[in-house]
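Comments concern the structure below.
Think of it as A, B, C, D and E in the order they're written, each chain with its own count starting at 1.
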Amino acid sequence: AKDEAGASLELTSALPDSVPSGTELRLGDPQLQSVIQASGLDKELTDAGVTVEWANISGGPKSIQAFRADKLDCSAVADIPSLFAAWTGTATKIVFQAVTIDPLKFPIYQLGVAPGVSVTSLADLRGKKIAYSAGQAQGALVLRVLQKAGLSQKDVTLVELTSNGDSYVTALGSKAVDVAPIAAANVKIYNAKYPGATAINTGIRDDASTLYCLTKSVEDADKAAALKAYVAVRTKALLWANEHPDEYAKAYYQDVQGLNEADAKDVVATDGNKGVPATWDNAIKRLQETADLLATEQNHEKLDVNTLVDRRFEKVQAEAAGAQVVTGDAA
Amino acid sequence: MTTTVHAPPDLEKSTDDRRVVRKRLGPGKRIPFAFWIGPALFLAVWAAGSATGVISPAILTAPWDVAIAFQDQWVNHDLLGNILSSLQRAVIGLALGVITGAVLAVLSGLSRIGESLIDGPIQIKRSVPTLALIPLFIAWFGIGQEMKIVTIALITLVPIYVHTHNGLRSIDGKYAELAETIGIGRGEFIRHIVLPGALPGFLLGMRFAVTSSMLGLVVVEQYNAVAGIGHMITLAEQYGQTDVIVVGLVIYGVFGYCADSAVRLTGRKVLAWRRTLED
Amino acid sequence: MASHVGGLTQTAVRVRNLHRSFSKNGGVLNGLDLDIAAGEFVALIGRSGTGKSTLLRALAGLDRGVAGHGQIAVPESVSVVFQDSRLLPWKRILDNVVFGLRGSDAGARGRQALAEVGLAGRETAWPYQLSGGEQQRAALARSLVREPQLLLADEPFGALDALTRIRMHVLLRKLCEAHRPAVLLVTHDVDEAIVLADRVILLDDGVVRTDVRVDLPDRSRSSAGFAELRTFLLDELGVEEENR
Amino acid sequence: MTTTVHAPPDLEKSTDDRRVVRKRLGPGKRIPFAFWIGPALFLAVWAAGSATGVISPAILTAPWDVAIAFQDQWVNHDLLGNILSSLQRAVIGLALGVITGAVLAVLSGLSRIGESLIDGPIQIKRSVPTLALIPLFIAWFGIGQEMKIVTIALITLVPIYVHTHNGLRSIDGKYAELAETIGIGRGEFIRHIVLPGALPGFLLGMRFAVTSSMLGLVVVEQYNAVAGIGHMITLAEQYGQTDVIVVGLVIYGVFGYCADSAVRLTGRKVLAWRRTLED
Amino acid sequence: MASHVGGLTQTAVRVRNLHRSFSKNGGVLNGLDLDIAAGEFVALIGRSGTGKSTLLRALAGLDRGVAGHGQIAVPESVSVVFQDSRLLPWKRILDNVVFGLRGSDAGARGRQALAEVGLAGRETAWPYQLSGGEQQRAALARSLVREPQLLLADEPFGALDALTRIRMHVLLRKLCEAHRPAVLLVTHDVDEAIVLADRVILLDDGVVRTDVRVDLPDRSRSSAGFAELRTFLLDELGVEEENR
């Protein structure tokens, strides 16, 4: 059953409800995997007839590689990968959108400032050496920050530097760059490691969080049905994590990512609560802005991001979240 | 006309040993326990640097903090499990790589046609970063264990192939002549001349293959691994846990050094027929 | 590959118009002709560097890359004692001797051959642990144990003392009588050539210049014929009276 | 009593060549232009796979599309500049690495004390992934050109050291004996025995050093590079531009293959004194 | 390092109670004593495997790892002709000959030495391109060109034909007369020993069993004393009457 593709399904047809037995989803969604397992929601998946083959894959490049080889159906990422997938000819659809309830208070990235360098507001970025990585989320963030600060690329020195592991932290610590976006969760470690180091908020939303899938998988009727079930369960899992931060911290950050208890709790606290938007309108608008910015700054084609989302899942999410959907600014 | 010369009368029958002393040009006698000196010194410098603050902990965690992190990883995070997962991948991959590499080397070493077919592709593979080949391997072997083992096998195949091929081709031609006059077949030629003659080269290749297999882990364990030292290092990098990274590196260093020394020791045993500067 | 010539004696080795050269300036072998009958023992003498080893290598088929032409026919099974002893350094002595030998009794035959050359008890030594003469004897044992149709031996006794050498002579003659191989033996010792060979040939200028049959009823060095033949050969080699 | 045997009368004075034919056990004669067969075959398989659709373009771009991407990179993205930047780094790093590696190998090869000090740290360095050492190098050398060159030098130092050391130690002890009786000093010993004797090993090390230097570029050019093939590949990986990655890989492959062949050719020239299975 | 013994003749080599063994079962040298005066030419004969090379290596200081004890004193400058020719394969013949030789005329001296051993014109050949005897002569040239105080030669003429060998004898004697080194020459050829040496010693059971001075007014092989000495030595070596 595993290798037989289900009947094909038009992207405009309604999502089928019943999942044929033996339908398997290949998911790179490690964070939610832990939550689903910890919360016992995996039983719901089984009941719905969905078999999941979990893959410990996340992030843009690796998920795109796996998509191209057709070894993965969906992966959890931020917003940039689906843009790059489109630009390089891999058709994907976003089937899940999440936001941070208070995105400016709980940003994913902050701007790390090297010890001895004085940057207290975005305006101070003028003339600074800023780490920049064109193809990664951090790169897009830098461009958006500059846009917000009213600066152009010429007003600063962008230092090409790939963000892998802790390369940005190291570059800051050795004063090779003045400013670099670093994960908010790592700021504490950064400050502790390099006396005199500081970090400022970007003041922009960077909370995009999606599950994007190979279009081919969404077009497979069996998988689409399974995905429908998965999106509902994922929604509940996300909300469960909000209410069970300690269990979440243990299940994922401690058991899977290998942090100690205190660090794990810290990370969960810096992450903030997640929400499911009632509609995807705002998320899509922000994605379009990012797409436009990157298209201009990095010479990509213009892109209509509506082709990248599968709004049939919008309602699946909203229904699963029920009254807990977030609306207004937060969304 | 002929005189029998008598033995000189002043024989000193002591057991004194006065030999002719010549300036030694080779490396001289092996120092016992030299094996430990290098790593011990290394550790000493590291410890001294950390204690005096020359090496800041942000750059390189102090040895004692690494020890604590090690213990923490062992007790709380199944370090042993990580090591065993990695070891399993490395060993299976290495075994496959070594066998294929050696077989290809013999095929290409003993036949010019085989060489022209096999050698080029391997040299090209060798010039290309493994990381860039991973997409291909994912397409062919998926993202599971299979892909990881194949990748490691391909990584380790290269040094084995190159060294065995080179070792084989460096065998003194006079032994091939001897074999030809003795009238043996290809199989016996390979067994009795090629393999023992290429053994020193092969063993050098083994030294590189062993370390390559471990370095390969860092690459492959970034893909869909839930355990392994490479996985552990990748994770620790994400969270800036310098001490855990160094735990990983120390494990690499220890394994690498021991594996290397094991191969060299084996070499000393199985190459007992040689008299070289080493002896 | 063996070439059979009609008539009473079979020809084991037949060489016609053999040319070999390593450089454009001059050849080492310049149209050499040679026949060796089956079972015949031929000693080859000649100055250092005249091409004795070159000829042996041609007969053994080991000179693929060397320029030249000519016709050679030799028996199927040939064994060579090289000028260097050429023991495989990675094999112990016994393994060197039985290398390539087939049959379940290979080990026993190897041991016996080693004993015959005076190396009993050294079976498990590495080649580097043998003295020069011991290595040479091990190489000799390796060739003798094979019982070839043609034995090509390049100075196989060069590193042996007089007594050991005589023992090896006796051994070689015994084996020749038993298996009757054709033998081409390079030697610098004219006495040795006369004692052992049915025919002595002298290589000079790339051809066989002298070819004498040794027809002595008594091969002891004190016999008259011995001295006469010896004088003849030393004359041919150019060794002056006073140095003999 | 003695008869002069007459030359047989049936001399055939033709210039026919009938040699004794023995089964060849070595690899035999070199095939002319064999150098090109491997890569040509490789290209053929690649093209055939792409044309028939066996190799999907998402996994590996077709050769003709690579050619187009190559042209695009050349015209619009200063591919030549990238190549030259990389080449400069690789060459300087390689030169430093080769010299240091060879010097260290001789020091450690000829002295047991030197060995116990030098060998251990190098073996340990070798077991540790370069990527994991980069933070150290950044701290010491910044993120400029200096760091990149030092890193490449350290990467290439390893194979040169290991191979030269191994080659040196494999020199037949009888040549050292000869040198001792001839009464030369260390310097002459190194020049006349050690270096020529270790040359085959060194050359094998060179083959690995050359490719390592290029692979090192992929790592170091992730850091603060604005040009270079490694930089180009890294960017393309982030964007998922398979065709550009393959352009990079092809350049690597071509450079690697040519450099490797150059070293081997040099080897054949400078090792003309050897008679091995190669000949 | 040279040890000077009071009296008229200086002692170049002085060996006392020399023991060497390669295994626990038995020694190769078992308390050997030997003196060689400066300028003296000693020939060393003995059965294959009795320890001649072992003794030479001890004198040359090349047996560091070998078990044993005893006292040895030798002159500062020693040159060794090894039993294998031991040319450096990566050096051309001339470079092999002048290897380690100092002085601006090294090249010229090397060329001359090569010419003297009959290898003029082969200066740029690689060792593998020489015949066995040619390699041996190149190794001899390398030793002779050095003019050492002690020459240790391990069967330096083993691979040479009679005529070439005689030429080398002449050459060696000439050089000995010019520079008067002490010489210890291993040979299997009793005639050669008598022709060349001032003294012939026979090694047996790890000691010098026989030590005879060659006091012949006429060294030609036809002289009466020659034959008598030859008979004596062959007797000592154990070679029977009929095989001489």
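As a convention for this text, a contact is a pair of C-beta atoms (placed from the backbone, for glycine too) under 8 Å apart; a residue touches a chain by one contact, two chains touch by 3 or more.
All figures in this text were calculated on a predicted structure; none of them were measured in a lab.
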What chains touch chain A and also chain B?
D
By count of C-beta pairs in contact, the leading pair of chains
B-D
Length of the line joining the C-alpha centres of chain A and chain D, rounded to whole Å:
43
Cα centroid separation between chain A and chain E, in whole Å?
85
How many Å are there between the centre of chain B and the centre of chain C, using C-alpha atoms for each centre?
46
Counting only residues that touch at least two other chains, what does the list for chain D look like?
22, 24, 56, 59, 131, 135, 139, 174, 179-181, 183-184, 193, 237, 242, 274-275
Listing for chain E: what residues touch at least two other chains?
60-62, 84
Shared interface positions of chain A, touching two or more other chains:
65, 68-69, 164-166, 173
Applying that definition of touch, give me each pair of chains that meets it.
A-B, A-D, B-C, B-D, B-E, C-D, C-E, D-E
Contacts from chain D onto chain C in the complex sit at residues 1-5, 7-8, 11-22, 24
Would you mind writing out the residues of chain E in touch with chain B in their complex?
1, 16-17, 31, 33, 35, 58-65, 68-74, 199, 208, 210-216, 225, 228-229, 232
Mind pulling up the chain E residues that touch chain C in the complex?
22, 45-49, 52-53, 83-84, 118, 129-134, 137, 154-155, 158-166, 188, 190, 220-222, 234, 237-240, 242-244
Touching residues (chain side chain D, partner chain B) in the complex
22-31, 34-35, 37-39, 41-42, 56, 59-60, 109-113, 115-121, 123-124, 126-129, 131-132, 135-136, 139, 159, 162-163, 166, 168-174, 176, 179-181, 183-186, 189, 193, 200, 204, 207-208, 211, 214-215, 218, 233, 237, 242, 245, 248-249, 252-253, 255-257, 260-261, 274-279
Taking the complex as given, what residues does chain D use to touch chain E?
174-175, 177-184, 188, 192-193, 196-197, 199, 272-275
